[in-house]
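Here chain A shows up in two complexes: once beside chain B, once beside chain C.
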Partner chain A sequence: MATRQTQFLARALLTPAVGLLFIWMIVPLALTLYFSTLHYSLLDPGSEAFVGLENFRYFLTDPAFLASLQNTLVLVGSVLALTILLGIPLALLMDQPVIGRNIVRLMVIAPFFVMPTVSALVWKNLLMHPVSGLFAWLAKLVGLTPIDWFTDAPLLAVILIVAWQWLPFATLILLTALQSLDEEQKEAAEMDGASALSSFIYITLPHMARPITVVILIETIFLLTVFAEIFVTTGGGPGLQTTNIAFLIYSQALIQFDVGSASAGGLVAVVIANIVAFFLVRIVGRNLEA
Partner chain B sequence: MGQITLQDVQKSFGPVHIIKGADLDIADGSFVVFVGPSGCGKTTLLRLIAGLEDVSGGKILIDGKNVVDTPPAKRGLSMVFQSYALYPHMSVRGNIGFGLKMAGLSKDETNRKVEAAAATLNLTPYLDRKPRELSGGQRQRVAIGRAIVREPKAFLFDEPLSNLDAALRVQMRIEVTRLQKQLGTTAIYVTHDQVEAMTMADKIVVLNGGKIEQYGSPLQLYEKPANLFVAGFIGSPKMNFVTGELARQQGAATIGVRPEHLKIERDGTGGWQGTIAVAEHLGSDTFLYVDAGPLGMLTARYIGELSLHAGDHVSLVPEPARIHRFDESGNALRG
Partner chain C sequence: MARKETTQRVVISTIGAWFFGFLIFFPILWMVLASFKTELEAFAIPPSFLFFHWTTENYVTVQERSDYLHHAMNSIIIAGGSTLIALLIAIPAAWSMAFSPTKRTKDILLWMLSTKMMPPVGVLVPIYLIYKSFGLLDSRIGLVFILCLGNLPIVIWMLFTYFKEIPRDILEAARMDGATIGRELVYVLTPMAIPGLASTMLLNLILAWNEAFWTLNLATSDAAPLTTFIASYSSPEGLFWAKLSAASTLAIAPILVLGWFSQKQLVRGLTFGAVK
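And now, the complex of A and B:
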């Protein structure tokens, strides 16, 4: 009897929170679904009409869609590769006993705490600016022509900014993994005659398989929706060169004021995220099984 | 061949002197146990021999060659760790064969040797399992397999049985001893358990506070302990120590008698009088903890059953030939 009462009480007390969360999620989703079936343009108010799947056809056949899908995948893939390939050696370095290790760690983590808009502004105006940027100054110092990053290599520039932001996250997760590696295992490998490199390949790397998987999964979720960095630096351009799916949806809704098409795009993005997640879990999720 | 000699080996971590000059001669094929209380430096000494720590001074000779500057893998030793340190993502086969693979042996030869080692240790059915799918005893055997497959000059064991339950520990103790005799390879074994030391060793090194207190066969240590520390450490239950007037009559600062060398008399008037505080009846043995007034608590052991109980009055008569005498600084007096 007591258990039943407790259970009832627990449910009753949980209901407001769960209900609020449910409404919070379901209302926008339902509205998005509803809008995606309407002809709904802010430039043409009062003309809302049911158009079926027309918005989806429009969004998916838009040449900008394929371009932005490609940009999204290139952005996600490159940032993942950069953060993991640089994160592993960084984590290995930070695992070494050096003087001021705690300060070094704090500095390495710092970029993660900088707002995306701020870091994008810093990169745009202080580092990558073709006239007054640090990189331009460095290039001139050695007699090279400065690169106009956001004109000549806009996607690469965005990738570098986003990778810089996510590198601390990857490094931190990999560092904690390294610290949990049993010291005796390394010593056993040493007794077994493994060189530092073999020890890394056969002992350390397999040990890090699981944290690497975690980094890939978590980063992918956030990288599919990169927006602020693009908005602040390139505004999706030049042309469509840095437009990803998130930015395309934004431009549909708030540049072209086509709410119906933007809603359809939002749902397409949900589907794409699920497809990516499906493949990711199949490819790397095996590592998560104990 | 696996003859290991230590000459004035020292180790300090910063200002802390862990090993204060160890000299030791370990004959080829012998089973030597390092024993001592925790923090006495026994594991450090083993790691120095293995090469996992660098010595601060002195020489380590393996077959006459100083190996102080030789990396661990080149010393020709193999080690069994306390945590086993198996590679979790490799199968048993991979674990045992890892050292051979690193040494650049061909796949066929590696497989042949791994299978031979597995057969010796009854691990053949488990070769393709991962360590997490094995029981504690099996993991232990894999760790030993990893050590024997490389045919080392000597095995180093770092408290390898401390993670096993009591029954398995006794069984593995016998297995390890038998395997070592069968292979004829020198073995150095670290433990804090003096029963393990007494049962397994050809020779025991008793360490205390970074110093070697005594080096000898188990019975030498039992019968002729060099000092108070060894006398108290070897033997279970502990030796009884008596100081004061009784000791002075024997010309010593302290005298010691093992519990099994005290004759128990019910209504005796000679010897040391006392009242039983606790009596433990094991069937095979009877342990009496006797409150002997000014002499303190004394322990007596009787082989077999003795129907005495708490509160009974007894007198304990030490066997004269079995009394150990020690001087003020704790060293044994002989003759």
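And now, the complex of A and C:
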């Protein structure tokens, strides 16, 4: 029974937020689109000229693009696999009758609250340093040769750091979903003689399908643009070994000052993210109706 | 017949959960320990776990040499300011969509969500150039503004899901009693909305405090918050593990405490209500 007056008020209250977000989305995106058609280098001001799709051709055929696309996919895929495959058993374990579960929860969730620059530097130095790091000491203890992480396996090192940051997120969401699972259903299955394994496969897993999908989509959105962890540990190197698309665009824009090419790259990143976003928005939208 | 909760099962799962929980937490613990060591001990092999010469010297040095408090203050202003402004814009919007929904409300909400999915790097170039020409590079106000816009969709979403849970009957009753919209807002809605507001604020503070794309790219010294300050330890000549650890411990401690308080809301806020 909303009157015309309240309807007007409701619209007036909504406008600032919608307007700001609209500007925030449209203006930079339009500028990116515009710059992407220009020859535009900050090192060579005044030489801006329209070049059509030249920047896209340059960006997409640059060997660095393929390398960074591959790194991005490996990074996103590995972190997703690690966080889900470790997160499910961890969440199942924490759903058991555990003494002091709240404290365990606090310990598990903690890495998520650590700022990316801190986690990256602590891992790089205190843990992964080839001589004085804890991992090197542990390796020597059991008679192995310590790994020089950032020289021999730089991408793997970045993957481990990022996975450590996101494992809490996956675990927490999966645990929340597990706790909303109807206990009676499981009990009934057990009374009917279902083994623990089959009740996991036929009851728990299907119930987890949606939260797992949500974890995958949300993590993908953030993982596509991992930046700080690379910025403070490897700077994209050695060579291009840890350059992902986000870092490639950053280095073209703010190190090589090639605005045109970086803008073309930015649009490519937007397109990739939108493909993922499309699915996430649909899932969330379906939920909104329920 | 309840499920068997034998002592054996409790013991095994307790040991397992504590073991893995400790393993995940260990890097943070290790960092905190290193912050109380001397530089030599922090670097020493074999490492000492508890029996080292405990010192708080690093904490003093971090402040004296690099003006830690200045950067901490920047973090507080940037995270706090962007959160406050985001709330001021989001509260009316969420209120409007929760209590006077129209046919388009759902579309607007989903559209807002989609703005959050735009990768920041896609708009890095224009934002950088705009900031450069307006003198906003390395300024706190510039960072407040961009973090506020970046988190606005999440804030609106969270508030919306909380407002939605306030029973509408109460509003109807207040309206029948002749309450104006202003009174309705102050006396009826606000008290019921405070828990939701508090957790939204908390989550947004955490996100803004830890934001490390715009802060690294747009701030260099004057306006640099803790994320950028810690990043300055990445240069090889600045390899002081104990001091890095001390600065890091200080930088994450307040947010770790806030985060532990808000873990339930975290799930809700970060999944846009898709998992509760």
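What we mean here is this: the second predicted complex is superposed on the first by the 271 of 290 C-alpha atoms of A that agree within 3 Å, B and C clash if a C-alpha of one lies under 4 Å from a C-alpha of the other, contacts with A are read in each partner's own complex, and residues count from 1 in each chain.
In this text, a residue touches a chain if its C-beta (ideal position, glycine included) is under 8 Å from a C-beta of that chain, and two chains touch if they have at least 3 such contacts.
All figures in this text were calculated on a predicted structure; none of them were measured in a lab.
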| said: According to the stated criteria, A:Leu13 is in contact with first (chain B), second (chain C), both, or neither; which is it? | reply: second
| message | With both complexes superposed on chain A, which partner does A:Leu144 reach: first (chain B), second (chain C), both or neither? | response | neither
| So, A:Val259: does it touch chain B (first), chain C (second), both, or neither? | second
| message | For A:Ala189 in the superposed arrangement: first (chain B), second (chain C), both or neither? | response | first
| said: Looking at A:Ser180 after the superposition, I want to know if it touches chain B, chain C, both of them or none. Which is it: first, second, both, neither? | reply: second
| chain A residues in contact: does chain B have more, or chain C? | C
| query | Regarding the shared-chain residue A:Ser198, is it in contact with chain B (first), chain C (second), both, or neither? | reply | first
| request: Have a look at where A:Leu53 lands relative to chain B and chain C in the superposition and call it first, second, both or neither. | output: neither
| message | With both complexes superposed on chain A, which partner does A:Leu66 reach: first (chain B), second (chain C), both or neither? | response | neither
| said: Looking at A:Pro206 after the superposition, I want to know if it touches chain B, chain C, both of them or none. Which is it: first, second, both, neither? | reply: first
| task | Take the contacts of chain A with chain B and those with chain C, and give the residues found in both. | result | 187, 190-191
| request: Would you mind writing out the residues of chain C in touch with chain A in their complex? | output: 1-3, 5, 9-10, 13-14, 16-18, 20-22, 24-25, 27-28, 30-31, 34, 42-47, 89-90, 92-93, 95-97, 99-100, 102, 106, 108-110, 112-115, 117-130, 149, 152-153, 156, 172, 181, 206, 209-210, 212-213, 216-217, 226-228, 230-231, 233-234, 239, 241, 244-245, 248, 251-252, 255-256, 258-260, 263, 266-267, 270-276
| query | Can you list the residues on chain B that touch chain A in the complex? | reply | 50, 52, 71-74, 77-79, 81-83, 85-90, 98-99, 102-103, 146, 150
| note | Per the touch rule above, chain A residues touching chain B in the complex are 182, 184-185, 187-195, 198, 202-203, 206-207, 209
| Can you name the residues of chain A that touch chain C in the complex? | 1-2, 6-7, 9-11, 13-14, 16-18, 20-21, 24-25, 27-29, 31-32, 35, 90, 93-94, 96-101, 103-119, 121-127, 131-132, 134, 136-137, 164, 167-169, 172-173, 176-177, 180, 186-187, 190-191, 210-211, 214, 218, 221, 224-225, 227-228, 231-233, 245-246, 249-250, 253-254, 259, 262-263, 266-267, 269-270, 272-274, 276-277, 280-281, 283-285, 287-289
